[in-house]
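Going by the order they are written in, the chains are A, B, C and D; count residues from 1 in each one.
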Amino acid sequence: MTTPTSPTVSPDVDNPTDGPGVAAAGATPGDTRELTYAEAVRETLTDLMADDERVFLMGEDIGVYGGAFGVTTGLLERFGRERVRDTPISEIAIVGAGVGAALCGMLPIVELQFSDFVTCAMDQIVNQAAKIHFMLGGAAQVPLVIRAPAGSGTGAAAQHSQSLEAWFAHVPGIKVVMPATPADAMGLLRAAVDDPNPVLVLEHKLLYKQKGEVPAGHYVPLGKAEVRRRGSDLTIVATAVMVGKAMAAAEELAAEGIEVTVVDPRTISPLDEATILTEVAATGKALLVQEAPRNAGFVAEIAARIVESDAFHTLKAPVVRLAGLDTPMAYAPELEKASVPQIPDIVVAARRLAKGA
Amino acid sequence: MTTPTSPTVSPDVDNPTDGPGVAAAGATPGDTRELTYAEAVRETLTDLMADDERVFLMGEDIGVYGGAFGVTTGLLERFGRERVRDTPISEIAIVGAGVGAALCGMLPIVELQFSDFVTCAMDQIVNQAAKIHFMLGGAAQVPLVIRAPAGSGTGAAAQHSQSLEAWFAHVPGIKVVMPATPADAMGLLRAAVDDPNPVLVLEHKLLYKQKGEVPAGHYVPLGKAEVRRRGSDLTIVATAVMVGKAMAAAEELAAEGIEVTVVDPRTISPLDEATILTEVAATGKALLVQEAPRNAGFVAEIAARIVESDAFHTLKAPVVRLAGLDTPMAYAPELEKASVPQIPDIVVAARRLAKGA
Amino acid sequence: MRDLAKEPEAARRALETMWTARRFEEAVDQLFARGLMHGTMHLSIGQEASATGTCLALRDDDLITSTHRGHSHCVAKGANLTRMMAELLAKDSGYCRGRGGSMHIADVATGNLGANGIVGGGIPIAVGAALAQKLTGSGKVVVSFFGDGAANEGAFHEAANLAAVWDLPVVFVCENNHYGMSMAADEAFAIDNISARAGAYGFPGVTVDGNDLQAVYEMVTTAAERARAGRGPTLVENVTYRWKGHSKSDKNLYRTREEIAAWQERDPITRFEDAVRKAGSLTDPEITAARKAATDAVREAIRTANAAPAAPADRDLLLDAVYADADAGNHAEVPA
Amino acid sequence: MRDLAKEPEAARRALETMWTARRFEEAVDQLFARGLMHGTMHLSIGQEASATGTCLALRDDDLITSTHRGHSHCVAKGANLTRMMAELLAKDSGYCRGRGGSMHIADVATGNLGANGIVGGGIPIAVGAALAQKLTGSGKVVVSFFGDGAANEGAFHEAANLAAVWDLPVVFVCENNHYGMSMAADEAFAIDNISARAGAYGFPGVTVDGNDLQAVYEMVTTAAERARAGRGPTLVENVTYRWKGHSKSDKNLYRTREEIAAWQERDPITRFEDAVRKAGSLTDPEITAARKAATDAVREAIRTANAAPAAPADRDLLLDAVYADADAGNHAEVPA
């Protein structure tokens, strides 16, 4: 297994519960507890369903099985078969039924068992969910949330390990979030359900067991990046599992006297460009880290935003991208590990960038 | 209709027939004739089918109807129903049958009636066609060509006007070409069929009627950009229909004394990075133009390649992107026109960039 | 079962609806030919009994999803003609504010969840809408219109099965007009009746003469009752024919003039007029009046729509229109 | 029709194949449990008669597409055990050079076009392979294996219909093991037999006791003959059961211990051994020898595979492996 060291990143202290004050299941608002990322998702789903009759779940094996990653364990018992709906293996119908139900005022949360299976439902996601509000001249909305475990690291090979966020960032009309911590897993999901637009929540499967402090009822507004640490030598922008790796690399670098800023966009569409540009301008050096293959990946967009803005003038060195190999994901554990940026890769790239002109 | 002025760009004189010398239908090799883009595709299909029994066509309404854009008109009569196969409306099966036939040694060329319908066949394109060669450790190959008309400009609204090339540039294992001229429509298609890998050929529907000189049997190697004109003030990189618009803008700019280079990548995956970087370094200013929405679009990748390379040090100004609006495509002609870069937009952006520091 | 031809009010309404759809599309055809309309369009002339008979079998608050060939569904479900025409003419007062055009007209107020540019794309959406009705106990039924061609899309299959296993209140209305663009249903299917596909999902399927308004009305009524009673979906195959080309680019090379003429002989409107005459529920002047009312309404719609301002080509307005306002919350516009 | 149990050589081959698949997967199960194998895997223990009976009905040069639960298909089609095991152990000598793993093993030489990680993903590919056979007149037949769950994917629907309208030489073998992961077929379908779906496409469908090797063999033989004669596809539903969890993470909460035990009583291998004994074609020592040959072969495969070098974790090698070499041209590796 190539599970990376996943440092517990600091909780979201700048953004305490500032959304609708929904009481957390079994926890007093304001309480902060240690939860795993999977628990944070589960607790949020529980809260939302308890709180709003319109919320219901659909997906493959989400009932008694609890989902392929156990995220929905226990929800069937609590909410019953009408609201926790095990589906046949029919991704078009799962997403499409979500679109139709959302159009009629429900708040469906559908799960795709692996994010790779968006490929089976792209029409419904891209041509229907994302476009209906615009195409209909604003006469309808599609408050659909699609949850999907993304990323590699489990030896599941090329069809179960993709990080496809860039595709959806390129689709106007859908919002895309990539929580990197248990707190964000809760907060962003809550915001996603609260939003009248379709939102794709890409959970990273290597993070499900990661623990972190989570304020009860936590809410993280969509479209707000988080500065996870600040340093003056260089700015790392990283997404999903790469946030934790960047934080671990930052510790190592700090030990050598290199101080880095780590920015986690959290929502990649709409992107919090202002925060990213400010933080890059502050150090003049940008290292962009993603797990997805490099070519036309999401951090290319960040590179473009940097160099077409005033931040360009603050740059002291070329922008550096660290990304997955431009290959399908290989099965063998060592090959898989070699295919995505690891902590030492980040350290090396950051060191070089920090020391270079 | 918002059909843009489509200047006849100069033929591909630097790259004459350098591929396998296949005799063109009704034309002596070496002959250069004026053909429309659609005619160039049709003639290439004819040549390839006449030349190689393994080549056959599948798609919706490609037979007696001749395809939604008339590209395959006459091929049914010439080659018969076995090799020009009208299919039911089943995009998964169309692409999947192409994958299976290609795996077994055939050279299928499948047509998706509009490139938007890739959304109905993404699993077969992305998880199967693109990955099989790698996943199987090289034990098989998928010489499948997928042709699909892309782009806006016909008043067909949000589900029939997309430019989705960025998605496929992000998929290792498939190659992607975007011919901008009749000559390239022939040359790239011939190279695509000649290649042992899956190739997505994104034809632009506004170009089908554009005329240009086409050498008989023309062959354009995959992965080679074309410098369509050279100037010292600024480098425009543009794709598909934007190449012609950039050329028209260049004429206007030349009249004011601004000389621009126009680079057409032609193949966007694998990308001819060297040519692009050389041409950008030569002027120190880059204007990147695409029809697709800006966010996470393909030219973001070009921006990233520029600023992570040595070309960064040659930049005299921020990189500028001109792209489609981050909206679904609207129906109304004036809205559609406002949604994608037009010649005056390119002129204005180029002028500003040329004159700026 | 009611006999619509025998009831003056129902007969008048059916006739006026069919004529309105017909006149609307004839007008669109002409506006196109004269270069006054833009984009593409798909006319359902010849298929009006399918849309009309189906919608007459529904309650006002029942829902439909429609297709690229959706004008008659829209009319039959009660849409405002001026807003339809305004949309096609790319006006700000159109149903979609000029952003959607013919393939995306919806009228949420009359229960039309929208046309669709993707063949089969509306079917799973209809199933989801039906699920919402079931979950909320609204008692409403959803009709999903789609073509013969669409029945070969994976979306049809998955949606039909889901509706079956969950007993959802949906009626699948397959308008088999013999062609998917140029592809003859005979070649796209190795079965005689598309309705036989219902057997693959475990619900009833029936093939109906889609040019017989009463037959359509009866079948959909039965199917809607079944759905409303919580007994799940039905597949109703309305066999019909489109008189015009698939879209403006169609040269009709895949069918004969004789075939078209033979089907024009079976004009669903004429047939229903004959039935009404036979039933004696309306007089000839009343029949003529229904037709004239439709003609006038369409003429008036064109006039009003034409006079309206064009959708403004303002980039900021477009960018603002992509996302629903998050501050407004996720409150539904269609009360389910 | 041949009675396999009565022919010593066929009986021996069938037994050895089933035992090899069984022993292979038992070994994989243990290697996993002991942390010596990585990733995920899906075992077909209990389903061996389906794979074996099907492949025995094929010619050596016929083709198959397989699934995520594909080890027994692979074995039955004649794959090399060492290369299979090497793949699972992430060795360079594995079928996929360690790049594919269990879900992507293919053996083009024995006509196995590959397992698939996407449920239903192989079905359209099988149809395309069958089209290639038709176009080249090869006389070969393609079997597409897939599960009950896969029959609800759009890919199944579109592929089945395409094969039907083009009369392609394909046999759809649905291995109905009662569950798609945790989803009971009873809940995923509102019909009793998945084979009934064939009627929606106009070709024959049959439901077979998938734990009866001879029954599977007979049905697939008939279907393959039909396909080879140009008469199009057949859907053969092999009703069977998987003894092990869906994958390593399965806690079997969706079914009872009793149900599993009852199906273990219907072990397809024991059943065929009994048939052979009854037919008297093999002696008890011969039956034992077949089992032992399988056990030995698997043990030897593990030994050899284990000793082989790991797939090299070299980034350049990986990058080089993405595209087939364009200079080599598009010459097929599977002569069609």
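FYI, contacts are C-beta pairs under 8 Å (C-beta built on N, C-alpha and C of every residue); 3 or more make two chains touch, one makes a residue touch a chain.
Heads up on the chains, UniProt names are A, B = Alpha-ketoacid dehydrogenase subunit beta.
Nothing here was measured: the structure is a model prediction, and the numbers come from that model.
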Of B-C and A-C, whichever chain pair has more C-beta contact pairs: A-C
Longest centre-to-centre distance from chain B, chain (CA-based): D
Rounded Å distance between chain A and chain D, as computed from the means of their C-alpha atoms: 37
Between chain B and chain D, centroid-to-centroid distance (C-alpha), Å: 40
Junction residues of chain B - those touching two or more other chains: 87-88, 90-92, 116-117, 119-120, 123, 127, 134-135, 157-159, 172-173, 325-328, 330
Where chain C touches two or more other chains at once, by residue number: 96, 98-100, 104, 116-118, 121, 152-155, 157-158, 161, 165, 187-189, 321-322
In the complex with chain B, residue positions of chain A that touch it: 116-120, 122-123, 126-127, 130-131, 134-135, 157-159, 164, 166-167, 169-170, 172-173, 269, 271, 292-293, 295-301, 303-304, 306-310, 312-313, 315, 318-321, 325-328, 330
In the complex with chain C, residue positions of chain A that touch it: 54, 56, 82-83, 85, 87-88, 90-108, 123-124, 127-128, 132-141, 143, 172-173, 175, 193-197, 222
Chain C-touching residues of chain D, taken from the complex the two chains share: 152-158, 161, 164-165, 187-191, 196-197, 199-203, 232
Complex contact set, residues of chain A against chain D: 1, 60-61, 63-65, 68, 70, 86-92, 116-117, 119-120, 154-160, 325-328, 330-335, 337-339
Chain B-touching residues of chain C, taken from the complex the two chains share: 38-40, 87, 90, 96, 98-101, 103-104, 116-121, 149-150, 152-155, 180-183, 187-189, 249-251, 253-254, 310-311, 313-315, 318-319, 321-322
